[in-house]
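Got a structure here, written out as structure tokens. Questions coming.
Chain lettering (A, B and C) follows the sequence in which the chains are written, and residue indices restart at 1 in each chain.
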């Protein structure tokens, strides 16, 4: 008879103490049709390496669905299922609720199974934001929603999303002779927004695969802490950002070192910057954003004006925000 | 011959714009002679991925009816000319899962032409190009593969040279004058490009290839299951978990049996195991999980999984431990660690030769900094490159104001 | 509110209850030991979700009850719960069902046996919440099983049958049970509710087998496919829907055996058709005024009968043709529309017409549109339709124009 002792416990995944202690097994293996140097593929690999074999992954439509399974194939070792573009929140919630119902009623052996749903910036921060928000209010279900942000709708050949940086070249914002900058929107602050908006969600974090061990440890923490959790990963994209694939790792580091992408976690309401971001908060000078932007073909059309504007917005994040890099609330405005 | 079909086989994304220009150029050139044509990408390639081989097509015919016979297909069954704009694709084309390894000359008809941009000799290329059971011609334009990216384009005249060469191969469909006129009128055209087309037309080297010439390897293929053999619910089995390499130590992941990265590579890492400090960074930062972990804690790039991105070289902290070497320097996909373990001295010789020999021409793929393509074009002048004018559209912001 | 009565001469092992269609569904779900349900408010279906909430709150049913933030999420959540092996229920009405459309398209190829109630409601705009059938009909091509019920009893029984059929491994297709808004969802009648013991004999556990998403069964579900794979996948769905017909017959036979009651013909209800000259066709609660109208006409010596389709998908073509061939004329009353379709008919008329095309005997077929947006189908409407059919029978040919009944003009 099925074991009916149900506790809603999570797996206890201790942080890896250094890169040599990292799990050797691959739960997302070779043979996927991703671009050379695809950081999102690296994120998938690290995500399930951190999670381990007792994991179910739900993947919403996007590069990490299409490129990985083109065609009628898979690189996944753990169970994986496709879900709709805006459904990462629903998929996490439904899978977790299904498992919980069956285990509580003795219809399935009771054990903590990781439920991870991933989404891209388009599917997650745009279309699926509502569903993610709903899931983050359900503290009775354990899940991790991981948003891999390559700053575009990449799978449809690079269109701008609400997470695309100001002025970037995409097929919906091509620089032309009359309009050089079509995309004047500033990037949504997704992780901060979700942390601020869901007080019962115990864990929200930003990660960068260039800092692989830290990224994996954030995943492990999210899966261990219980309830719904959210991680936002910035993924340099050689195709959409237009750069030599071997620069992927370097760009991931520059994003953090210039302050463009802050690394932090919000655990039970406590904000902690970490890694190179922590150094920046403690006073280390940020590298100028142009070092990061001009290595990417998608900004090749930028003038000095554009670069200055971009720098000024990043400066605001660090110099003016109440919680630097996390929430855009100012203590006071100049002139008030 | 009432119609002329052409395929361009190229590196996804890096040569996407180039391939589109070539195919459109073919149709527009043929139009100058009063013919009809269509240019299209292969639907299954979309969305393209950096390095993954892709195909575009151009079909030209005397009449609309003949043209229609060749439309509404994903891929023509045979082509008169196969244009290959990266000579590492001579090892074959594997574009997606279940595709198998398809020879570069698979669609080329008997007596047709394989037109390549390459700095290799025909003899070197024929070590890689698979044997074909009918004769065909190999035509070479002496040039390095032209790589760009999605947004910034390297104007090295490759499309003009290809069109000029085509006029020599298929003059009854594309006269040199028609090609030059089409180039001049194209939005990417210029007088300099017309000159390049004429030069390429003149300098084209062609030789016939017999059925006995080429790589004798039988390329692998897959048979797709019937509808009732497939599991229901659009469900397939996962990949099994990997295993230790030897004596319970090391680790070799199981890999997707239906999709290999042999033909995605333009370069591969060559590893000096003696210099390795076992930092694990190459292994952990490889997006393709290509490194097998050896029982002695070293990392061996498995060639069925390596796509040649170069991240391993970029992250390796040990000087000269990992070096990316262009793919056509290699004749097989043997394990480097096995070679090293078997005979360290022989391996060292082999490794040094690969890294330093004249055959190895540094390759990069894609944008690294603004103005880079201008610099590259200047450097390539000595190896068949072209003269440029000041500023390159897409890179130079001044021209966009 | 449900009222339990103590009957004399009721069905063995059943208890009598005075309940609405929605409450009847909730009774069935409780007996079926539902695992996961998602709710989102839209009238008129959501009374079923309110009834389920009460069942859970009062400890009659143990299930995860999640209120979603929209119908798209609502349906996606239970779709995923089903893939790990949970028995699920969902539902909506009108444009709410439309909001879930992306999920509705993927559940058949994923072979997810979700059972849903559609409280048929007119589509916006205008936002009326009276009955029209277009909402449920929209998925008729996609691989959903579709059935229309017209009493609370039928709602209860069909819910149990739907799980038995949908969760059969030979089928594994989603099933939508259509209940006319207001008339069925909101009005209460006496129902025979089976005991849990009876239901356990009839309804096996949901076992997803080698399609279950669980670390002990490592699979990849729904990799991206191209033209090399899609038609094979669709062919599998085609086969499953074909197999559903025999599974339906099996299930109803077993239901009758276990419950000691139930229709002989799962596919449609025949009312006074044995000697009918004219047969009228209508789905859902339209059957009530039609039956009353038929009795009136019979009293006048007019031989009219009714065929009320239950299962719309899979469509029981052969049996339907056999039942209709004996008439001298057929009148289809659609509570739906299909603008620009052949003869601008409603959906059901076009389907019946298609079914009859190859029949040896093909009586004249008239199509009517009536009762949209919850407007009552009156006895006058029924009589008018029947009279036009009699005229066609006499003339020996159909009037191909579609007639709109009850419109102010």
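As a convention for this text, contacts are C-beta pairs under 8 Å (C-beta built on N, C-alpha and C of every residue); 3 or more make two chains touch, one makes a residue touch a chain.
Keep in mind that what you see is a predicted model, and the values were worked out from it rather than measured.
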If I average the C-alpha coordinates per chain and also across every protein chain shown, which chain's average lies closest to the global one? A
Most contacts: which chain pair? A-B
Whole-Å distance, subunit A centre to subunit B centre, using C-alpha means? 32
State, to the nearest whole Å, the distance from the C-alpha centre of subunit B to the C-alpha centre of subunit C. 56
Could you tell me the distance, in whole angstrom, between the mean C-alpha positions of subunit A and subunit C? 43
Per-residue overlap in subunit C, given as positions that touch at least 2 other chains: 218-223, 225-226, 228-229
Give the residues of subunit A touching no fewer than two other chains, as numbers and ranges. 53, 66, 69-74, 76-80
Give me the residue numbers in subunit B that touch at least two other chains, ranges are fine. 44, 96, 98, 236, 238, 240
Of all residues in subunit C, which touch subunit A in the complex? 33, 35-36, 38, 62-64, 66, 68-70, 72-73, 76-86, 88, 102-103, 106, 205, 213-215, 217-226, 228-229
Given the complex with subunit C, which residues does subunit A contribute to the contact? 53-56, 58, 65-66, 68-74, 76-84, 86-87, 89-91, 93-95, 97-102, 104-105, 107-108, 113, 130-131, 133-134, 138
Complex contacts: residues of subunit B adjacent to subunit A: 13, 44, 46-52, 96-98, 149-152, 236, 238-242, 251, 253-261, 264, 279-281, 284-290, 293, 302, 304-305, 307-311, 313-315, 324, 364-370, 394-395, 397, 400-401
Complex contacts: residues of subunit B adjacent to subunit C: 43-44, 74, 96, 98, 224-228, 230-238, 240
The subunit C residues in contact with subunit B across the complex are 109-111, 172, 210-211, 218-223, 225-229, 231-233, 235-236, 239-240
